[in-house]
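One chain, subunit A, links the two complexes that follow: it is found with subunit B in the first and with subunit C in the second.
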Partner chain A sequence: MASTTHIADVLRRRNNRSFFERLAGGDEIAYSITLIAAVAILAIVALIVLELWTHSTPTVKTFGFGFLTSSAWDPNSGKFGALPFIYGTCLTSFLALLIAVPLGVAASVFLAEMAPPKLSDVLTFLIELLAAVPSVIYGLIGIFILVPAIRDYLVQPLKAVFGFLPIFQGDFYGLSFLSAGIVLSIMVVPFIISVSREVLLAVPTELREAALALGATKWEATWQIVLPAASTGIIGSAFLALARALGETMAVTMVVGNTPKITASLLSPGYSIAAVIANEFAEASGDLYVSSLIFLGLVLFGLTIVINALARILILTTTRRGMK
Partner chain B sequence: MLVATQGQPVLNPAASLPAQAPAPKTQPASKLIARNINFHYGSFQALHDISLEIPTHRITAFIGPSGCGKSTFLRTMNRMNETLRNTHVDGELLLDGENLLTLDVTDVRRRVGMVFQKSNPFAKTIFDNVAYGLRVNGIRKKSIIDEAVERSLTHAALWSEVKDKLQKPASALSGGQQQRLCIARALAVEPEVLLLDEPCSALDPIATLKIEELLFQLKEMTTIVIVTHNMQQAARLADRTGFFLLGRLIELDDTRRIFQNPGKKETEDYVTGRFG
Partner chain C sequence: MTLTPAFRNVLKATILPFLAAALPLAAQTSLTGAGATFPAPIYTKWFAEYQSVGNVQINYQANGSGGGIKAITDGTVDFGASDMPLTDEQIKTFKERNGGTNILLFPTVLGAAVPSYNVPGVTGDLKFTGKALAGIFLGSIKKWNDPEIAKANPGVKLPDDNIVVVHRSDGSGTTFCWTDYLSKVSPEWSSKVGKNTSVNWPAGLGAKGNDGVAGLIKQQKGSIGYVELIYAVKNHLAYGSVQNKSGQFVKADLKSVTAAAAAVKTIPADFRVSITDQPGSGVYPISTYTWLLVPAKISDAAKRQALTGFLKWAITKGQDLVEPLDYARLPQAVVAKEEKQIALIH
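Now for the complex of A and B:
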């Protein structure tokens, strides 16, 4: 009986705790700490934007938003324009996706649908290792292996067949949009493969079986039922790859040619936002030069935000269409 | 054509011979005959020496506790188990006298349709769900597809409920409607046998009743094999009932006999609820 009273006493005291006693209970502390952690992430992002914006004021004041549409880049005479870099970033990333999406999706279909599970696991492990290769290594591979290979084996056939197209005209010296796009495609394909494979594996078995039970072949079930059911996630994987390609710095810098020019030809050298910041920031002299580079950083930041937002909207609409 | 008498195994396997004496009207021919079916998942033997006959235009139900092999056997009948790796089946499964284990697999699956435990409509419109089987089997003509979709949905007792929203996504339907849509989808390719793997286990009693009424009418058109956990359902629905236990077919007989006067002790224990 005595112990019962004791328990009742303790419980009553627990109900009438002071603020500090309740704090010691953990809930409030845990709430505060986790809240701070969550808000801190957003605060960091906000500070990045603020900082980039403040430091790019000289450029904004001098050129206004004409900076974004001007293609002049001549630090010596104080002329700065972002268009060649935006163009180069978008073009190389687009090229990368053009190559990496079909390759990655086909590979993920093999890994998820066709390959024996053990082989699939081993191959996926190896492919995911590719994502861990430092980008400077990809740059070296690009310079020493890919660029000569493209020059010797790819450019001649391309020019012979598609030479009438403006994108394959002019001379090819190695460093170019095309080389950067190909190197980037190799760098982003592991992301597409590993995300798409997971998405495909998550498609319910019942859907495959329903198609097979109607007399569909395995390929028909995969192509007509499984891939459409997984399309949302596959699009998501492509946008993940795009975000990675847009921001990729080192490998692009090494193979893109670093020439701020806008040309239709993929065989010409170009430049990208990330590459110009990496190349020129350390040597930039004068407020206007530095602030132009910082403004370019802000543009890159905005570009990735827009791409990600687009991806979200796209994914949302596809899911909604799929669900309702 | 093999002609079987109920309860007696057909001893003459010469399926290619001309038809024997016509069966008495009360004894329908066997649509499917299983002979000594053994099935292995890896080294685990899931089915032991199953031999049975499925009479045409009748409902045959398989009952038994979980893991007894009834679903495995059902999935052997349209070779759906072949999608799993590391499985092995031997024996003979005669569909109209031809061993379906040696026929073209997509052909077998078109002739032996299947409805699954969980309703699994494709992420397509109601119309395209039903039309899928036709299209994948090479039927392109719109008028034929339109007609077949309407006919299948009517047979699945769903037409009146969906005729104004054929272009709506199938996922907008209720659970019971989705399962009837899956039945309509299976019916569209005019299967000779329709396999149902616990089709009502996720449905409420009213939706279940609708499906049961539907199956009762469908046996005019096709031969039905249903796996069910619900013994009352087997008793209400089936002409013949088979009891599986530990990978063996204990007995298969007229439903009334199985539930009122079973031949085996195990069956009696199970249907009276004394088992497990």
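Now for the complex of A and C:
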């Protein structure tokens, strides 16, 4: 009883302290500094959007939002449209996830559930090293190793079996949506593995023990208990990977073929938003040309926000369903 | 505080040289420039050499022709550099933003774009007519054994393979030169595509930089692309000869590029001249000048003196330094004319 009164007393005194007392105590200083840091980040983001918006005025005035749906990109006649770039960005990122998510999740399940802890640690370290490789290196590997390999070993069988599908028709010259998707998938898979492994390891051991005690096999416990429990985090890792894939510039531009066309075939060359900005910004002459590239930057920004928002919503809905 | 004699000596040895070096620096004029990447190696060499000659320190940022034009128009640099001549509109904008001051263009060196290819079974140099190159890049000539290519290469066994066109994906003066040439030899190219540092390519794959184009050509059988002459020479790439306006097939080298510049009989007073598709013996048709952009009025007397001094030196003595770096030198007639234009800077 005495101790409770004492704690309440301390709390009351703390709350009644004047601003200067609290300042001297450090609370206010810590509050202010952390607040400034948080606001600064928001301010930087707001400034980026503002700058992009003001500098894209000529484009907005000329094309309006038709810019987003037009597929013309002809600097000479002053016609600009974002659609082929939006398409290419989304398609290559989607392909990357299609390959990287199953691969990454399977690898993380092995690392977290199956592998001996020592082996798991070593492998994780090596996999995380992949994330530190500069993207230009991935681009070079893509050009010199992956593209010839895809051309010689992957495309022929794909065309032989799935050639009737529109996505595998047409000539293949190495640089393509498919190549970009594959290179991107290698680049993002470390993010998926490393985050998913952490999430799987964080699933309480009691859940596994309970499942095993009820007679489940190791695989049943993993597949039916541990994975569903970690699903939110795994989805989160996939969206982290997606954000990286959407913004990737160097590696994509080296293997995508840099052709602003919308085609159903994954074997044809394409383009992405980040790649066209990197390629054309330095030599762009004329206000409309430059502002179109800046507007593309804003479009990429918007695209990332929309996709991240979707990810949040998806995570929220799945967790709520999980709670029921 | 007393210093030991040894420590004093150390101080003398370390600090005094810096002080001594800083003194002349203070008296040195410093200039900044920005623009084209293609002439950046020779500009860097010139600026380094000229530092001791003219006591001028010049900083150059190779951020591309577009960037150079923008920087000089906004007045953030003392001079710009561009691989393409300014358009009337760009000159008008410059005048509007700089109180009516004119901008002068000074050709400094010459470059060229060459067709490089990878055709299975063909080892020797291929010959290309302008019509063939335009057809290939328009996508209307699709096979290597097309009659338009075959007729220029009698005796060469051309395969029945698809042609894969490779072009630059990044904006580039080389692309400007290449498309400028195609616009001249093909009305269809001129109306459909036109000339610029990047265009709406009707066919092919885009690769970044000369190295990207060359790398892709090396790997992709049946491919053809264009690279800067200097890049092709330095990397020992095989490249073909191109038919000039007089019907002669000429392979690009330093001589044939200078000949292209000399073939232009009347150079306009503002030096905005395209030297692609010129007639004459030994003239390589896909050549171009690169220009320095200098305002006609420079109010800072020291900077004016430094810049005019450098320009004079670059187009005369400086020309002796260009060939070791594989740039083609200016024809004598152009140098004489430029010297007159330097006098206009006030």
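Observations, loosely collected:
The rule is simple: the second predicted complex is superposed on the first by the 296 of 324 C-alpha atoms of A that agree within 3 Å, B and C clash if a C-alpha of one lies under 4 Å from a C-alpha of the other, contacts with A are read in each partner's own complex, and residues count from 1 in each chain.
Note that in this section contacts are C-beta pairs under 8 Å (C-beta built on N, C-alpha and C of every residue); 3 or more make two chains touch, one makes a residue touch a chain.
These figures come from a predicted structure and were not determined experimentally.
Because the two structures share subunit A, they can be overlaid on it, and in that overlay subunit B and subunit C fit beside each other without clashing. Of the two partner chains placed by superposition, A:181 touches none, neither subunit B nor subunit C. Judged by the touch definition given at the top, the superposed model places A:211 against subunit B, while subunit C stays out of reach. Shared-chain residue A:81: touches no atom of subunit B or subunit C. Once the two complexes are laid over each other on the shared chain, residue contacts for A:259 go to subunit C alone; subunit B is not touched.
Partner contacting the larger number of subunit A residues, of subunit B and subunit C: C.
When the two structures are aligned on the shared chain, A:233 is found in touch with neither subunit B nor subunit C. Applying the stated contact rule after C-alpha superposition, one finds that A:148 touches subunit C and leaves subunit B untouched.
In the superposition on chain A, contact of A:285 is made with subunit C only, not with subunit B. With the two structures overlaid on their shared chain A, subunit B and subunit C come no closer than 51 Å at the level of C-alpha atoms. Note: no residue of subunit A belongs to the subunit B contact set and to the subunit C contact set alike, using the contact criterion stated above.
In the complex of the two chains, the subunit A residues touching subunit C come out as 72-77, 143-144, 147-148, 171, 173-175, 253-254, 257-260, 269, 271, 275, 278-285, 290.
Residues 116-117, 204, 206-217, 220, 224-225, 228-229, 321-324 of subunit A touch subunit B in their complex. Considering their complex, residues 78, 80, 83, 85, 106-107, 109-110, 113-114, 116, 118, 120, 122-123, 132-133, 136-137, 169, 171-172, 182, 185-186, 189 of subunit B touch subunit A.
Within the complex formed with subunit A, the subunit C residues making contact are 63-67, 69-70, 90, 162, 164, 169-173, 193-201, 204-208, 212, 215-216, 219-220, 223.
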